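A single structure is presented below for examination.
Chain naming follows the written order as A, B, C, D, E and F, and within any one chain the residues start at number 1.
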């Protein structure tokens, strides 16, 4: 009988016996060690489950931020890429990624079993399941960071290949080195919820992608030997803002869930520092954009929130609330400077600022643990550099191959027309009149 | 018959319409346009990149009128649209050879009103 | 004194007594059976409460999906319908629905008491409350499915009547047969979180509605005896995508909460299968749309996510993660095929694909428990058929009456103008220039 | 070693030892008083943490509602204001607000320590942290209410000053009088989750702001001595609707979390009354708008949901579910009447209805506890009046000063152009063609 | 050469296009417009404030044609757009002095087709 | 005076504007349009239903000029818009009888610039 039928019985109970307690709530529980473990397990499962749901919801945030900060003619395409990062990512992490990340270690470099969550002989599979769940959404997060930096010019099928490779290989290897107990972990590298492990991995892959891909047409215009940097404004700032709020919300699952236990009083400080660093990031980015450009820039301030969040992610449990504001503000300043330098100096075209938010502020956050949180700064540097090197090399190879086989970039004609029409044969804003002269 | 086309500041549309109604001109078509004229644009800055915006939002009004209505209409538009500042806009008058009411097939002077 | 005042006392305590523990946390708890039950109850309440909040949030998802996939001129109207499904639905389920679903059974067919949550003499009402809460949002979900299929042409007041009838009668009767301990439950029918009970009920009511209502003007154009099928594209794909992500997020409450207890290690597997089936659905629908139409279709892939979710809903606790991917992929294929057949062959006009997603994939999910989850396939078939018959008959009668009294469909003129203007006298996108030649 | 490495060990354990339990779950727990307190603390922390996350997410709801109900040319500006309410608000509440609200009381009027969360000598800081977290998001909520009423004409820098003052001073003082154990609390004033304390404070500050600021250009047009009231329609109703659903979702954290404990069976009734009052509000506002204006108004019905939620917030734990519907319906009627009167009679220009939703319905909710929930009606009236007086006086002074130093209102030219261009130098809907003749 | 400008009901665009194709007129430009004519508007009400909407959505079609095509084109538009109700719209004909195909630089009669 | 109306590919607007500036034509009005010409459309498919899109996005430029500016202006537009591919667009020239600057009331040749 379905458990929901309890109400029926309750009523029957009321009628015949008067005030019987409800089945669902009154089941006898023996008062012993087992019960204690049951409660502890339940608190852990609930906490990780909700954390995983929140992190998965961050996909919506990424999708909205990236859509909002790019042009209307590519909106459907960027959404497809985000959707497939999540969908293909979860499946690949199930089949391969998890095994590489947490399987029996080969020399501290990568794992080698647990593929397809096959653990013959294990009974308490719920413990594997809940942990996989929480880890899988992190893999999907690392994957989805890249789509923004490569937006408006990447072929969909090429992007699919990338999605698969990062969730099956690039990210899990980084994960194995660290959370999987590999060599970086043994050095004492500390990264609570993944400033480097998740965000920098995504951010550096985005950097490699943006470089190999080249800028959007019309972004850097050469005339008379001089290059002028043009703005290609996003088409929907309210949507981008919504995305940022969704990410902020989801980040409580990202950082909060990373206690990996619901019975951990660190949850309190993690929430406080996560909230305050985000606030600091917004204030920092707004202020600097005001100083530099004469007006407080909306999309930069939104990036500032994310910068603050990425910045605190490595040490939300060990950085004091007051310092977390400082970490956030610095991240907010960094993201503005980094966007400026990448755009105006290096002419790396990152439509949404993903490299600056996730790559640069991810590195900053990892170092911040050393500075404000008592971690060994040198080991943190080693971790940042190692992840940078691994990701850049593998991502360059990946995108290089895709480029060579002509699966990376759409044609100029397709880019002009917009990827919604050329890649998916549709328009995202049917009926709206949109100026398409860019 | 003439076709009168005016480019005005968008926020003057309401007062232009009022003046036209007072002048008993009840028919018109309105589109929005971007204009480039004497009025200097402004700069926008998006993520730190400064852009010159010199196509400014304007509203375009098209009115087909009989010859005797031309002056009345032009004056009404001017009354409604003038602020005395650069950007107030322009009125163009082109010859209109024929006007046909689709519903009835009427042509010319009767059709226009 | 308000509990929040504790901080004050803490500080006073610090000053005078030094380091007193906080009132909120340190209340003495006797270590006995009562405590154990208290914790268990608390875990259950928290879990169901959060689950209910997540399921209610799915209303936002439905509203966004349906708005995004229909035309701009009807956006406000579809939102009103969704809002009223939730608002009127909750109230009706409080007054009548719950009593019919979980009241003392009359022959296994419907319940007969507990209306208005009146349980005279019961003390522990919190147990009724939390269970009602979780069940009520399910009723509102069943109701809201229909609005999408009947979008862009249904009168608002007719729709209100429908909202009331489904939450007060049609759905609760199905619920009584199954979760309420009625005849289907006694046969051994199993449907964990409602593939059939919630989604098919909504889906088949949508089918009846779409048939009685007829297609939108301009959807099937007859000329020279041949009917051409036209596309009436949705106006806001990013919003539809956001809706899908919101639904995915909320579904963790839908399936996860359906353990009905926070002390249940099945939560782990439920989360994993829910996530993976959705991923499978997206991949399945994307792939098939690519094969069939030459390009990966965005709105179909989004539907695929929902198809996968509906598909796993009957058995997320008993279908293994690997198989859940398969269940999801099949649901993704089914949704594309079903949309094709309904649209091109039967000319049933379902603007958002609600019939295919909820009706067809709901049936598939219910059978999938029999196939992959060890349920009795025959009983599952009986359940699917019974719910189909009940819903189709009652919904046909309901919509037939509404049609007879001219409360079902707006006039052609109103439809052309858009329901925002004709039904609510407003426009949803004030100021935007929108081509209205459809 | 990072806790995430457990999987590795589990597998190793499997291979070598066979079926060892997982590290994360099996840690030995002593079965004594400490354990009981640990669980109780954990449930409290989890509950408050999730509640805080949900309340912070309400910022997204406010941002979307306010953006949707104002014009496209001001969309980026309103978002910046909402963002800064949250960001600056959290930081100010950390530095100053919390100390004033919960610090050692000076005569029951304001607190005097705990600034910067400095509690020298306290060990169990997690208890302070989690409570601060939950309180801080309430402060940010009170702040953000005002932006809607002052939308489309307020200078950004003036608004920043306001944000700081309300979160550092105006709201914390109200909070001290009540939740902080001050004079109103001692009188027996009861306001469970803040109908008056949070919402009316925000609402009355909004009233003062809207009065000092004056109406938007073109809202009340004088001609021949008669004033005509014009509609300045919002530009994005679907976004506003999304915002309302997000707020409804977040409100479960707002009211639910206000039990301040996860071990409290009142959570059940709080969820039920919160859901039903919102439903009642929607129905009430829709019905009255239908009667008054001839058609059911979409944005009024959306306001109705919020009105119902604000209305129940003072007593969701003591008002019975049936009565909560009534409280909601009355709030829904009140919000429509109040908007009508403020707009058409007093010509107070509140673009989103914030004064009516939060101020008026906040007062109603506070009285409703006296009427339906057994509170002392007279004391409730005293509380409503006291908070009204304090907020109006301080807000008038604040906005008066801002006006005097020319930091309050943008110039007419800037208002016409839109605040996105004049204050931030950007457009929110790049590429979209938008009629800007208002 | 003439320039034919028609304002029609938006939902008649498809049938106008069909009629034009039948009449072998394949070139045209379409914009959307707001029109004010005989057709009375409707009232909208937003948050209880009633607004007269008297600028109704119209679709504007511009077609440059050689003189011998004028009648054919006008007839096709009328066939496609007429419903017999107020609001069907108007057709305006103005003289067209020159037409140039940008791609080839062709001018006049050859360029127009 | 003449009124020059050009339909061009949207993405050529920037270069057309540059060429016009070089030719010292600083005044213009821009609207967006849908065009149907030689250029074949493309098919969209929405949820499996294929649709022919043969109204393609175009940008329309209107410029009122004095007679001696006509050739300069036309040439500048052609330089900026020509890619040599189908879809480059068309230029139409109609007679302009009068031009009035709303701000000052100036008329004719002086008003146009």
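The rule is simple: a residue touches a chain if its C-beta (ideal position, glycine included) is under 8 Å from a C-beta of that chain, and two chains touch if they have at least 3 such contacts.
As the structure is a prediction and not an experimental result, all values here were calculated from the model.
Think of each touching pair as a link: the shortest run of links from chain A to chain E has 2 of them. Shared contact partners of chain D and chain E, listed by label, are B, C. Counted by C-beta pairs in contact, the busier of C-F and E-F is E-F. Chain centres here are Cα averages; for chain A and chain D they lie 28 Å apart. Rounded to whole angstrom units, the spacing between the C-alpha centres of chain A and chain F is 45. Rounded to a whole number, the gap between the C-alpha centres of chain B and chain C is 51 angstrom. Counting partner chains per residue, chain B has residues 31-32, 44-46, 94-95 touching two or more of them. Looking at chain D, residues 39, 41, 43, 46, 50, 124, 127, 233-234, 236, 242, 293-295, 297, 299, 425-427, 429-430, 432-433, 435-436, 438 sit in touch with two or more other chains.
Here the chains touching each other pair up as A-B, A-C, A-D, A-F, B-D, B-E, B-F, C-D, C-E, C-F, D-E, E-F. Those residues of chain F that touch chain C in the shared complex are 44-51. Within the complex formed with chain D, the chain A residues making contact are 32-33, 36-37, 39-41, 43-44, 46-47, 50, 54, 71-72, 102-105, 111, 113-114, 119, 121-124, 127-128, 131, 135, 178-181, 185, 190, 233-238, 241-242, 244-246, 248-249, 252-253, 256, 260-269, 271-272, 275-276, 278-280, 282-283, 286, 293-299, 301-302, 305, 321-322, 325, 429, 432-436, 438.
For chain E in complex with chain C, the touching residues are 10-11, 13-14, 32, 42-46, 57, 59.
Residue ranges of chain D in contact with chain E, taken from their complex: 229-231, 233-234, 289, 292-295, 297, 299-300, 336, 339-340, 343-344, 353. Residues 3, 17, 26-31, 62, 64, 94-103, 105, 111-112 of chain B touch chain E in their complex.
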